[in-house]
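Same chain, two partners: subunit A is paired with subunit B first, then with subunit C.
And then the complex of A and B:
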């Protein structure tokens, strides 16, 4: 019975995945057959003129998530190291509890905090036209994924066997060498998992990003400019899905945004497979 | 064990089919204050009814009524041709109020002297030809041009009157917002913003400027709107499917009653006769 249950669950989730990608492909097919693949690389999104350029949103998604991870990954791993190696052991569970609580806060709460604290702060400190920028989205995402990275990295670091640590100490290795040569390499699979999970969360995050990114379909000028309003794939889907009538080119283009998001995460998962890192 | 699983499965399937008498309303956040206020009263009078009112925008209401996701839609612009084709006369459009789309600016800009603009100036700002408040008599600061999602009724009316076409592009726009609420807070939190807002959403931080027309400054006051002087105005409507239930019909009647008119006035719009 249990066997049957486990088997059927596995098949169910597997076929769910297939069904999902199949549906996304099916739903976005009209736009591909009508416009080819070029529209992905075009930058004008005016659904009412049948222009469905994906580039600004695609670029915004990639850039905001990339910057968010660049900020959150070192901070998260450092926080995990700090909690294990430096904080007195009586305080460790509390710090961890705090992080776990943070990981559980719904994203819309982060979004509202971003809207009321982060956006005005950026606007004043950097003297911007508006604080609703790619940078705001990236910072918000980094705060959102930080607890995930920290909690998972901490688990991974704790699993490094104590006797290895003791041996390293006996050899007279400096603390930094222990971290660099023993702790981090051994904890790498866990840290990698943490990165993947947070990447998924950041890439799919809709509401919080929608509130702070500015939602304008335009490439930043110059391209690396994080201080301008921009668009992400999720924010566009969130803003426009309700109005698009099912089956219309607009709807199909939004579905293809979803498909792109999925392909992006699949690509990331494939790229980060362990065997390519050996 | 197997039977237990089967029963569990069956019961989980049968759950969603249960439904009480309910009335779901969604759409334009311009119409929302009226209907939300009316719903508050109506719920006290009819306790057995589950009445939910939510936003989404005019475009959303048309799509949702068409899909049968809601019983009543709220819309703050005329139906487009494409929408009329979709609905194929299955839905009635019932006016419940009149409203103006105000051109709102941040308080700092208003107090610095930008209290009126011509339609051409507003259009130039949204087209990106005017980018600094100095050019229209304001402070020396760049203009934060707030556009709205293209499906929003407020944007349709604004774009039609000011930019000449209901789907017109606004290349000068800096950011895009959705609901009136979002637009309002974006203007209030900035000291250099311009945006479009339904008059019911104006306040001390978000002030409406007058529109200069033939040498006269016309504010979106109730008098100017009902006299037809203020150029950016529209009716606020309810979308009612022809095959609606009795309860639904009764609520729409309530909106159109004397009492409904009082609510319209109280919220800040003009009732229709």
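And then the complex of A and C:
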């Protein structure tokens, strides 16, 4: 009976994934059949003129997530090291609990905080017309994924055997040398996994990003300019899905954004598989 | 219990013309539990000193005090007439002068060569890392077995080879003192023999403090013997005297029954 339950659960999960992929492909098929794949590389998004260029939103998603990880990864690993190596052992569980609580806060709360604190702060400090920019989205995403990176990195660092650390200490290596040459290389698979999971979360984040990114469908000028309003795939879906009539090209284009996001998530999951790195 | 005044007579260190390591009145307590009681001993500038005693006698704790992996002790430890507490450059510099080989071979998850040069520091040492590695591997009687696969993973070596690699790693930092915590306890007879030969050769130029549960090994290798029990040094004597004419009742009991009661 248990065996049957386990088997059917596994098949149900697997078929769920196939069903979802099939549905997204079916729903976005009209736009693919009408415009081919070229619209993904186009930069004009005017639904009323049947222009569905995906590039600005795709670029906005990738840049905001990339910058968020560039900020969160070193901070998260440093926070994990700080908790293991520097914080007194009686306080370590409390710091970890704090991070776990942060990881569990609904993303809309982060979005509201970003809107209330981060956006005005950027406006004032950087003298911007609006603080709703790619930078705001990236900073907010980095805060959101920081707890995940910290908690998973801490787990990975704690798994490094004590005797390895002690032998390195006995050779007269400095604390930093032990961290650099023993702890980080051995914890790297766990840190990599934390990074990829965070990448997945950041890429799929909708509400918080939607509130602070500015939602303007154009590529930043120059491309690395983070101080301009931009768009992300999730933010666009969240904002426009309610307006698009079911079955219309607009609806189909938004579904294709969802398909693109799902493909990116699958790519991340595949990348996180350890065997690719052997 | 042996009174302190009696202990100080018993544990008076054997005088050597030149002393590498001197320990005076060393006390160690961990979480209120006394581990070492007023240890006093000395090591000559070369030769093997065997540190023997039953489990829980404080032998490994003593080694960890000497290289400051354990720092909560009181008393005085000097290496070549310099207090290790005030060692120039601090704890890390001190540990570069004191090699440690533990009971369990612990190799780092990298190549054989990188394991040997792991502790090498300083510009000139790094420039000569290959020569230093070769010398250390020769001293540890491992060069012949690994010279053609220095860049193979260290984990691919057998347990006995891994222990000799640990010995080479400790030797590559050119220690002034080598601490060995039962280095052959988990090894096969062949590996044991190779390590013992390596240690005998090393002992001609650096002092070795060898913790061993194997009395035959201590007798075979040691020039002097320190017998510890329940955190105290019961007897320190040259090897022949200790094994043939032990002075203390506890030593006689230990040699005969491998048990020790200091009370």
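The rule is simple: the second predicted complex is superposed on the first by the 268 of 278 C-alpha atoms of A that agree within 3 Å, B and C clash if a C-alpha of one lies under 4 Å from a C-alpha of the other, contacts with A are read in each partner's own complex, and residues count from 1 in each chain.
In the analysis below, a residue touches a chain if its C-beta (ideal position, glycine included) is under 8 Å from a C-beta of that chain, and two chains touch if they have at least 3 such contacts.
All of these numbers come straight from a predicted model, not from anything done at the bench.
Following the overlay on subunit A, a side-by-side fit with no clash is recorded for the pair subunit B and subunit C. Once the two complexes are laid over each other on the shared chain, residue contacts for A:169 go to subunit C alone; subunit B is not touched. Judged by the touch definition given at the top, the superposed model places A:229 against subunit B, while subunit C stays out of reach. Of the two partner chains placed by superposition, only subunit C is touched by A:182; subunit B is not. When the two complexes are overlaid on their common chain A, residue A:129 makes contact with subunit B while staying clear of subunit C.
Of the two partner chains placed by superposition, A:138 touches none, neither subunit B nor subunit C. Contacts of A:119 after superposition on the shared chain: subunit B is touched, whereas subunit C is not. Smallest inter-chain Cα distance, subunit B versus subunit C, after superposition on the shared chain: 48 Å.
Overlaid on A, the two complexes show subunit B and subunit C touching no common residue of subunit A.
Taken together, the subunit A residues at the contact with subunit C in this complex read 161, 163-164, 166-174, 181-182, 185-186. Subunit B contributes residues 1-2, 56-57, 59-60, 62-64, 66-67, 86, 142, 144, 147, 149-151, 167, 169, 173-178, 185-186, 189-190, 192 to its touches with subunit A in the complex.
Chain contact summary for the complex, subunit C toward subunit A: residues 67, 69, 92-96, 98-100, 102, 104, 106, 108-109, 118-119, 121, 166, 169-170, 173. For subunit A in complex with subunit B, the touching residues are 1, 46-49, 115, 119-120, 123, 129-130, 132, 214-216, 229, 239-240, 242-246.
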